[in-house]
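Here it is, the structure in full.
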Amino acid sequence: MVMSRLQKIPVVEEKKGNPLARVFDDLVRFCRSRSLFILHYCTGCGAIELPPAMTSRFDMERLGIQPMVSPRQADILLITGYVSIKTLKRVILTYEQMGSPKYVVGICSCTVNGGMYWQSYATAKKLDEYMPVDLYIAGCMPRPEAVISGLQKLMDRIKNGEADSWQDYYRNYDYYLGNQQKLFGEDWQTPTDIITEAKHYELMGEGTLGQHTRLLEQHQQPLEALEMRLGHKLKEPVE
Amino acid sequence: MSQQVAHWLDNLLKEIEGIEVRRKSSRRVRVDVPADALPALLELLQGRAGYIHLSAISCVDWIDDGEFELVYHVWSYESHSLVSAHIRIAREPGVYLSVYDLYQPAAFFERDIHEMYGIHFEGSPNMEKFILTEWDGPPPMRKEFDSEAYINEHLSWQEYNPEWLQELVAEGGGVIIPPEEQRFSQKKK
Amino acid sequence: MRPENYEAQRQPPSNEYELNFGPNHPGIEGNYALKVKLHGDIVLEAKADGGYLHRGFEKLMEQRLWIQNIALVPRICVPDPSPMELCYSMAVEELCGLKVPQRAQWLRVMQLELSRIAAHLFTFGGHAATTGMYSTMYWGVADRDLLLDLFEEFTGGRVYSIYNIPGGVRRELPEGFLQRLTETLDYIESRLPDYDNLFFKNQVFVKRAKGTGVMSREQALEWGVTGPNLRATGLAFDVRRDDPYLVYDQLAFDIPVEESGDAWARTLVRRKELMESIRILRQVVEILPDIHGPIRAPIPNPLAWNVPAGETYTRVESSKGELCYYVVSNGGPKPYRVHVRGPSSMHAVQVLEKMSVGSRIEDIAQTMFSLDACPPEVDR
Amino acid sequence: MIFSLLDELLIFSAATVLVALILGRGLAVGWMVTILYGGQLLVLIKMAALGYGGDPIASELSLSVMGQDLSWRFDALSWFFALITLVAALLTSWFSCGEWERKFKQQRGNVWLFHLAMALNVFTMLILLASGDLLSLFIGWELVSWAGFLLMAVAGGVATKAAIRYITYAVVGGMSIFGGIALVYAAAGSLQYEAILIAVEKMSTGQLWMLVLLFGSGFGIKMGLLPFHLWQAAAYAETPGPGSAFLGAISSRMGLFAILLVLVKLFGIVNIDSLKIPFTLIDARDLLAWIAVFTIIFPTYTALKQNDARYLLAWHGIGQGGYMLLGLVTANSLGAAGGLLHVLNYAACQAALLMAVFAVMHRTGTADLNKLGGLVARMPLSFLVLLTGIIGLAGLPPMNGFVSKWLVYRSLLEDGMPLLFLGTIIGTLGTILSVYKLIHNMFLGQLRVEHEQVREAPWSMMTPMLILAGTIFVTGLLPGIPLTWVSAALQTIGLTGPEITLGGIESSSGSLDMIWVIGVLFAGFGIGAVIFYSAGPSKRVHQLDNYAGGHFLTADVRYQYSDNFYSGLMHLIRGWYRGSFQWLENSITSLVEFLSLGMQGIYRRANSEFYLLSTALFIIAWVVF
Amino acid sequence: MAPIELFIELTLMPLIAFIVGMMMVLMMRRIAARIQRRIGPPFFQPLYDIVKLHGKRTQVSHGLIHDIGIVMAMGGYIAAETLLPVPGMNGIAEKGGLITLLYLMMIPSLGLALGVGQCANPNGSIGIARALTAMLAYDIPLVIVIFGVAYAAGTTNLVEIIATQQAGGFATWGVVEMPLLAIAGLIAMHASLGKQPFEIYIAPAEIATGPMVEMSGKYLGGLFVMQCFQLYTTSVLYVSLFLGGGTTWFDFLIKSFLVLAIPVSIAYLFPRYRTEDLLRLMWKWPVILGLIGLAFVM
């Protein structure tokens, strides 16, 4: 179970000695909890209960929650229901494109265990095999009230600094990648280079590298950023 | 009025050989034709009887007979009746003619049947995959495709066995499912 | 697709470029994609890409009991689930030769029309949002919620009501429900002038919607367009009237028609249909108290129910168009084959592809929403 | 005989031509010529006193042909133009040395002819600038025309066609000027400036009209004024790299110089102002102003449609000429200074821009805006130069283009000419639109796969580009330096300059201090940077790691939005590109002139609101409906 | 003026602009919520958003120009605020004037355009192309208005323009003396805010928020900051041109908020135009009004 596995990982949020820095950290965490941008991505049928939650009747904006269009802008990835395998690839790409701290909320029973599509060949059953999930809101489909109260719970956890499962994706990338490879085939890769990113942001963990990432490196030519370059000798342009 | 129309239709349909017409209700007519007579039938229905709306093409996999059944549902906006034309084609090699030149909606249904059943329609404008573009297994709607086995192989389930339940079971309570009745996901692989 | 092509050596030197609409795009209804090739802002080629919502319903239904499938079918079309239940129930009834009691038929009509109003309000919201008018969306979705409250009250479910079962309906109406239904209808009607002023008569909207996504009646018939989209091209065809089911032949309602066949006409047809649905519901409210009797026909033990062998094709007018089920039974406890023909399987794929070509990038989203395409119906 | 400084300059220049002619086929001729241009520039700098109001320097050489005295001398105006010419020549020649030359040779280009043509151009331009009377002016004029032709035709092929079109125009222009000179001679009996100045006072309106038309159209052709602008874009764009930059920077401005000399200095703005068009209320000066405004608008919007970077810039070159003329025609201190300053500013911008474009072309082999993209990661310095150039060209702070355009705007504002003002702003907006298209399609967006390995341009090309970029910035920061020269130049043609400070100008009705503006701007950038960079590190990603509606991007697909860049705008204005100037080129009817005459006529009755209103309504009706 | 005093002014002016701008964003969102029958965000919501975005742990950059673009977007506005006189503080308004201010306000757009360009996202590029087209649309009436005001005041110095208006109390306000120009200016200002029906360059359903599409974390935060400045600058400029600036902070802020409330209230009642409809509208009515107004001024 993912939750128990998560608890085994030491949380490396070292408390800074400087009280000013701590106050600042608390402020940022507070703001994070009060300003949540949801990605506008209807992955499944639970999305039908999001417009009511967002619009006049339940008005999520009063809690600082508002929808955003592209993954770059968003904080929360709502997996609203079953994810078909085709969608799951996009969801993973989208998740990797989002800026951390990012939170995944699995809405509907299907994200927990396949729901009523447990027999279906086309849907993934266990979302947290492929990406760390912060919160499940079960139900088929959960009412807007449930969605909002779930998000409020998430807000509390963000404020207390507990919702950091996004770090788990970096620290245990090998595990997630392994599951992804199992489902999508060995040559699975996304344009986002999680390993370099983990190194860049100092988020490497024991589980970042492993046999699956080695497999990935065999297949993938990592996409290096197009850094500006000047003067140094390069290969002759391909004619 | 629809009764009259149906009689008129009967006369019209006699022009096709080997046809069997059954009127199921005042607005539903079932027609069974040999596979090679279908294009002629549809042409007749569309051109002379006003059945211009192809409502759907359904496919049934009669695996025991080794045949696919294709059902063409056409509707007439004039006589307000629906004709379902049934044909049977051999399961192997599973090739049939496209009716796209008669009915444009056929393109979608034929494409759908192609990816779900693997039947190839000759002359259809687009036989590319649409829904299962990233699927490399066999056509899933065929009866021989066992989706549970596929899931077993590729996917796994969340185990739900919290401590309180374990305690309950240990005390002799809870629901204990005999192994043979367990859902396959809980079986040992 | 799988990004194996990163090392490609060259790009075609061309003035065209590609843009992906969806699956994660606000201009797309649900989880669906449209790959377009553009020059400037003119669409040269559009390719629909579905399957993101594929669950293999037809396969699933073959693996489950007849009665279990009732829980499955509404999920095929999320914004307008009730016709799905009805269509499936009608098919099973036809195979078993079950006679549905009168009261159940009236209750089903009530559920269907409520669902139609809810679906149309939702569509207006979505359509308005594609043109940047979020206020209509906020209003429409909020007002739809009142209808969902009614659903919850008489069926127990907000979105997926699962109210129809083969043989009738599941529950009797609660006390005083018709009164509350009337009040809600009054409220919705009183809101309509506001919607008119904000949305339907809004000159900017009219300017954008007129001439967008035009199809002629001939094209519509050729492409297999049904429902409000067909009626917007001037053909008064409605399954409820022309291939009647339930008690629709006992109800008085008009079939609204527009001639121009563009996004504006389609919106207007829905707007008028909403009025007609309210009219039907008012008739139901009037007649229903006088109809007594059982609400479902007796059915055998549903867990061991072998439906007689046979096949049937049932049609229902959903809010999006003609919805059909082709059900085959081989006399077993599970359906041998269920084929779902959702109206959007035409609208969202071929029609959208054809109408997008030559249109502008501004209008793709509007075209899709004005067709009221529902991707889960396509993907199943 | 003691040579004056001017003689030294001319001899130096002639020597350069000789060196190019004789040694041109040898090695490193480019460097040699470049050094010689540097020498000429040094001599010019020795004459720097001219730029600060010093006395004119005459040449010792004077001839007498058929009773006409020919003389040459330099004053502040000539010095100002000569400075731009020589700096442009030095830098473009520098640009051409080394790698560019080698590649040009590989592509079967004639380097010898190229350098010779450049040197000839410089030499003839100096002669023109030094002319001391109308006859020497005419001689210089013709020499410049033919030297220009030579340079344009070097590349052969399309370039020759364009050059022939140019020379046709130029010959017609020469005829017209010759006619004008003949008329002047008939009236004044001499071609010396002093004699003409006296004669002008006595001339009849008809005569003066005739002269204004003859000289105006003759010089206007060189400047690319409407409706004589059609030759210019193709001719400049097809000239080989550095030559194109040189011509683009200064060549057309010879026309402006001549207009200043003849129309402003000899005939006098006041006299032109009094030339009323019969039955209308506009005069020749308004006519010139409106021609200038239309010269801004039409070529700029033609540039917007170009898909070749060189053509885009060449069309802008025509448009920018309008600002200079407009500023000078307003003839108040701010406007004239703005117009003349714009010659310098624009020359720097245009040379930098064209060099950057040719640097890209040197590396990628194309200037087609649809075949480029994303090059900022590979050619960052060229990007920087192009960016500096487009900011200058579009007239945004902190670059120099802003100062000169600001002066022109202010002068129009003070004179109360709203429609002219509006016209210039429309032109500026069009410039902003098209230069963004330029930089976006070349340097921003998706890097094409075949450009993955492209390198930055070599230093022999980069250095002059960077010098120019620096010039653009410095003259923007300290516009007082060039404004002093401008002010001195204005005095020689009888106009007064504005009150100058180091950072701009002082004026009772709103002053400009670029040091403060730029200081605050950069302080703002600094604060912005502090806010931005304090927010934690970011990580660079590859461009294929991008939002595409949730899809995976692949490198073999083109995602770059480039062709028909302003498609929304084009939906409205596409119909307005009627190619009427092409038609005009064939038949000499001038529709635009007529329209502008009509509009200006109504407009000039400025006190009557009714006329203004009807003008406005007329324009609106014409433009919108 | 003492340098230290000037320095304080130059620091305070952008700071105040930012704080007031955040309140304006809040007002905008609250007005939207009211029209949509909602409650709307809490008071500090704009601040929460900005702090959160700046506090993101991972941020995605597409290159140096992407970074610099955002810096330019913020910095340009910070600089522009010092040219915009507010009660008691003139900053360097006298050294730049109206035309400089207008041009300085284009710097953020230019920066943004460059930054977005490097993201290599076609949605962003289309968005920028549309934004520039919109600029071409609304700048033409705006320029007529600016010309009229500057001509009537006889100066481009904003301090003097304000002083002229304040000289005779309400009767010498620009809106009283030049009502037609004031109306044209309001329309142009509405368009420059990029709210519906002029919201062609964000257009989520068409081009997925256009320029913002690749902006994450501090990049998006920079744009939020820019939006605060934009709202402040636009409304304060309008107040300075037509409503006599402010004598005290109280009436100055009231005027600014009221002016901004007009376009914002209109915005949420309309869908967006197509690009050419926007152009046609902006080149027709505001220009006609502006020219007639101009005729009265001349």
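Read from first to last, the chains carry the letters A, B, C, D and E; within each, the first residue is number 1.
Here is the rule we use: a residue touches a chain if its C-beta (ideal position, glycine included) is under 8 Å from a C-beta of that chain, and two chains touch if they have at least 3 such contacts.
Keep in mind that this is a model prediction, so the values were computed, not measured.
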Interface ranked first by C-beta contact pairs: D-E
Centroid comparison with chain E (C-alpha atoms), farthest chain: B
Chain with minimal offset from the mean of all protein Cα atoms: E
Most widely separated chain from chain A, with each centre as the mean of CA atoms: D
Between chain C and chain B, distance of the C-alpha-averaged centres to the nearest whole Å: 21
Separation of mean Cα positions, chain E and chain C [Å, integer]: 43
Cα-centroid distance, chain A relative to chain D, in whole angstrom: 55
Chain C-chain D separation of Cα centroids, rounded to whole Å: 63
Interface hub residues of chain E, defined as touching at least two other chains: 36-38, 55-60, 63-64, 122-123, 126, 204, 208, 213-214, 217, 274-275
Residues of chain D whose C-beta touches two or more other chains: 374, 376-377, 380, 447, 450, 537, 539-541, 543-553, 559-561, 565, 567-568
Junction residues of chain A - those touching two or more other chains: 40-41, 55-56, 69-72, 86, 89-90, 94, 97, 119-122, 190-191, 197, 201, 223, 225-228, 238
Complete list of chain pairs which touch one another: A-B, A-C, A-D, A-E, B-C, C-D, C-E, D-E
Contact set on chain A toward chain C in their complex: 39-45, 47-49, 51-52, 54-57, 69-71, 82, 84, 86-87, 90, 94, 116-117, 119-123, 140-141, 143, 184, 187-191, 221, 223, 238
Chain A residues within the chain B interface of the complex: 1, 85-86, 89, 112-114, 118-122, 124-126, 128-129, 182-183
Residues of chain C that touch chain D when the two form their complex: 1-3, 5-25, 28, 33, 35, 39-42
Parts of chain C lying in touch with chain A, wherever the complex brings them together: 2-4, 6-7, 9, 23-26, 30-31, 51-56, 59-60, 63-64, 71-72, 75, 78-79, 122, 125, 137-139, 141-142, 144-145, 148, 158-160, 376, 379
Interfacial residue positions of chain E with respect to chain C in the complex: 32, 35-38, 122-123, 126, 196-197, 199, 203-208, 268-275, 277
